[in-house]
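Just so it is clear, A, B, C and D label the chains in written order, and each chain counts residues from 1 on its own.
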Amino acid sequence: MSKIQHDISQALDCIKSGDTVLVGGFGLIGAPLTLIEGLTERDVTDLTIVSNNLGESGKGLGILLNQNKIKKGIGSYFTSNRDVGDKYQNGEIELELLPQGTLAESLRAGGAGLGGYYTTTGVGTDLAIGKEEREIDGIPYILEKAIRADVALIRAHKADTLGNLVYYKTARNFNPLMATAAKIVIVEVDEIVEAGELDPEEVVTPFIYIDTIVKAQQVLTKEGVVAV
Amino acid sequence: MSKIQHDISQALDCIKSGDTVLVGGFGLIGAPLTLIEGLTERDVTDLTIVSNNLGESGKGLGILLNQNKIKKGIGSYFTSNRDVGDKYQNGEIELELLPQGTLAESLRAGGAGLGGYYTTTGVGTDLAIGKEEREIDGIPYILEKAIRADVALIRAHKADTLGNLVYYKTARNFNPLMATAAKIVIVEVDEIVEAGELDPEEVVTPFIYIDTIVKAQQVLTKEGVVAV
Amino acid sequence: MTVQLSKSEMQHGIAKRVALELAGPCIVNLGIGIPTLVAEYMTEDNIYLHTENGLLGVTDVADEAIDPNLVNAGKLPVGEAVGASFFNSSDSFAMIRGGHVDVAILGALQVDETGVIANWAVPGKNIMGVGGAMDLLVGAKKVFVTMSHTSKDGSSKLLKECTYPITSTRQVDMIFTELAVFKVNAGQLELVDLMPGATIEEVREKTEAAFTE
Amino acid sequence: MTVQLSKSEMQHGIAKRVALELAGPCIVNLGIGIPTLVAEYMTEDNIYLHTENGLLGVTDVADEAIDPNLVNAGKLPVGEAVGASFFNSSDSFAMIRGGHVDVAILGALQVDETGVIANWAVPGKNIMGVGGAMDLLVGAKKVFVTMSHTSKDGSSKLLKECTYPITSTRQVDMIFTELAVFKVNAGQLELVDLMPGATIEEVREKTEAAFTE
C-alpha cells in the first residue's frame, strides 16, 4: 500500500467542506503550492485554514481566499495579502490572529497531545483579551490552546517511499509542526527516494506522521512560481 | 574566546552547592560520563539533579549519590539504581517522580520559555496528586510545570568549535532538551570539528545553547565504561 | 493447565499469541519483558517498532554488531531498520502522547474488570520508577497487556478492582495471559480465546474479574 | 535638524548608530525595515544573526547566489554563515521566548516614556498582522528600537502614553531615532546621545515623553 499518489485531486479527496486544514509555509516559501492549487480546483467550502499567512494577493492561498472557500483564517501575518483585509471588512471571513511563536507552539502542542500551555507572549496586550492569565513562580503567563486539524498540507524537500522527510533551508518553517497536528497529512516534495536513502540521524519528520506523498508540480524559483 | 575547555574541573567551576543540575542520558547511554566523574571530584553538595535515572549502583550519578551530594532527584525511573531506594528509605534524599514524557516535555517547556502545559499523562493516578486538573474541550488534563536549571551537563557525538551539536543514535535522548533549559550548558563530545564541517540542515542543537565544550574522557563501550 | 510450561515457554507462548493480533501497516511500541518477545513472532512486513528512548524502526541485532549506544527502552541492544529515524525524548513522547503510535504492548501487575491496569507501583514499596508507562497508556491508539494470569501465590491478577495504584484511567484493549485472551468492550472483559492447554474451567477459577464468554 | 537628510540617509544613520552598541559574542535578531540595515554596519566578528523563520547565521547574499527558499523574516533573500543551522518555527521561537537571543532590534510606531512600545496595530485599521514582534519583546535579553522621531504630521512618536495597542508590557532597553539615542533605566528614558546634526533643543521640542538628559 504505497503512500505515493500521482493524482493530486485524488490525494485531496479527504478534504471535506467545513474541515480545518493546516497549510505549511512562510509566505510562499515552503508552501505546498501544488496541493494548494489542487485545493482551489476542488468543490469544498467553509474551510478553516491555519497558516502563517493567507498567501499573497491572487497567489497560493490567496486564490482560495478569492474563491470564498475560506470561512476562517488562523495565522500571524495576514498583512502579506491585502485581499484578506478587504474580505474581513466585508464580513466575508473570520480571522484569528496569533503571535507567530504562539501559532507554531500551538501546532506543536496539538501534535504532542497537549491541551494547552502557558506563554509569556502577548501578556497585557489586546491579543490576550479573553485568554486566561495566571502567574507561575511570579511570572505572568496566558493560556494558549493546542491546535489540531483534519488535514495538513505540507511541503518538504525529499521523502523516502515510507514517508520520512527532510526539508530545505528556510522552507522548513511550519511544515514539520503541521505534519504532527492533523489526522491526515499530505506532503508534496521535490524528490522521492527509496527507503534507506535518508540518514536516520537527519530525518526531520519520521514517516509515522505522513499519509500521502505527491510530487511537486509547482515550484518557487527566483522568477516566481513555475510549473515543473 | 573559545568555548573549548581542556580542564574538566575548571569547566565545572560554575556549579555551586545548592544548584539544580540537568544531567543527560538514558541510564548510561548518552550520559556525560566525563563531566559526572568530574563533578564527583568537586566539593559541591545539596544538588538537585534532574535526570531520567540516578545512574546505576556505583556508576555515573550513582557515585554522586553515594557521596551524599544529591539533595533531591527529579526523574522517571530511579529503579535502575537500587541505592536510590535505600537513601530514600533513610530520608537521605528527596525524590520527585515524573512520567518520562512529562520529564522530557517539562525540560522542553523550560527551554522554550513556557510556564507549564496541560497533559493527559498521569490524569487520575497517584502522580497527579496535588496537581491542577482541568478539562479542555471535554478532555481532562493535568498541569505540569516547566523545568529550568542552573547548569546542564550533556553529551553529544560531535561539536563544531562554535558549539553546534550532532548526536549519535539513541544516545541523543534527553540531551538536546537539557541543552535548552539551563543558564550554563556544558557538553562533552567524542569529537570537535571546525565550524562549517557540520551540515546546517543536520545540526540538532544550534550553538546558541552551548557555553563550554569538553572532550569525552570516559566512553561507554560494549565492555562497559572505559577511559580514553 | 494439564501440561506444565516453564516460565520462558509461558512468556513465549503469550508473545506469539499477541503477534497474531498485529496487522500492518502499524507502529508498535514494546514494553519491557514479555512485550519485547513479541518482535520474534511478528510475521507481517509492514510493522515498525518504536522505542520511547528515541528510535522508530527497531530491529534485532546480531551479537557481533552490538552498539552500546543503540538500545531499546529496556536498555537492551537493538538494530535499526531500513527507513529508521532517531529523535529526542520529547519528540518521542510527542509521538506517543499525540496518538501517533498504533499499538503499545505493556506488562501489568493487575487488571481490573473494566480493563484499567496497574503496572508501576506496589503499595508499601518505594515508588521508584514509572518510565513511559503512563504516557503510553494515554497515547497509544490500542493498548495490549501481557501478564501471567496469577501471582506467585496463585491469586488472580485479573481483579474486580486494582489494589495497586493504577497507571491510567484508560481501559486497555486486549489482555493476554498464559491461559486466555480477553477483549475489553465498553468496559467489560470478554473472553475471546483460550490458550493451548487451558480450559474454560481453569480460566473461570483463576479469574476474579467478571468476564463474558 | 539643520541638514535635511533623505529618508534613506536617516535610516542608514540610525542603523549605523545601533551597530555601535553591538559587541560580540552575541546573537541578534533583526526586524523588518531599519533593523535589517544594521547588518551592513556591524564590524565585530562574533555576532550571529537569527531570523525567526528558522535560521541562525544569516549573512547577506550576492545577487547571483539568491535562493528563493533562503530568506529572512522580511522574506528578503539572505545567505548562510559558516556554522549556520536551520530549524522549524517552534524551535526558532523557543530560542526567542526562552531567552536565548541576546538582542532584538525592532521598529516601532510609538514608544511611551517608560519604554513600552506599540508596533503591530493601528486603531481603526484591521488588525492584520503581528508576526514575531510579541515573542521577541518578551524573550530577547535586550530590545533595541529604531524609528523616526516623529510621524509624517510632525507629532512625536515618543509619547507619554502609547495611543496604539502595545506589543508587550516589557520595557525596551534602547531607542534610536534620527535625532537621539535613549536608554531606558528603571522605566525612565535617558538621553544618552545626540545624532549628528541634531540639537538638544530639537530633541526637547520633538519629544512628548519625559526624559532625563
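Everything that follows uses one rule, which is that a residue touches a chain if its C-beta (ideal position, glycine included) is under 8 Å from a C-beta of that chain, and two chains touch if they have at least 3 such contacts.
Predicted model, so just to flag it, every value in this text is computed and none were measured.
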Where chain A and chain D overlap in contact partners, by chain label: B
Shortest chain-hopping distance from chain B out to chain C: 1
Chain of greatest Cα-centre distance to chain C: D
Centre-of-Cα separation between chain D and chain B, whole angstrom: 36
Chain centre separation in whole Å, for chain D relative to chain C (CA means): 55
Whole-Å gap separating chain A and chain B, where each centre is the average of the chain's CA atoms: 33
Where chain C touches two or more other chains at once, by residue number: 80, 86-87, 90, 93-94, 96-97, 138-139
In chain A, residues with contacts to at least two other chains: 105, 108, 112-114, 119-120, 167-169, 200-201
Chain contact topology (line, ring, star, complete or other): other
All pairs of touching chains, each written as two labels joined by a dash: A-B, A-C, A-D, B-C, B-D
Interface residues, chain D side, partner chain A - complex: 51-55, 66-71, 75, 80, 86-90, 92-94, 96-97, 121, 126-135, 138-139, 165-169
Parts of chain B lying in touch with chain C, wherever the complex brings them together: 26-27, 29-30, 52, 76-80, 84-85, 88-89, 95, 97-105, 107-108, 119-127, 167-177, 204, 220-222
Chain B residues touching chain A - in the complex, by the definition given at the top: 105, 109, 112-120, 134, 136-137, 139, 141, 145-146, 166-169, 199-202
Complex contact set, residues of chain C against chain A: 25, 27, 46, 48, 50, 56-57, 80, 82-87, 90, 93-101, 138-139
Complex interface listing, chain A residues touching chain C: 1, 108, 110-114, 160, 162, 164, 180, 195-196, 198, 200-201, 203, 206-209
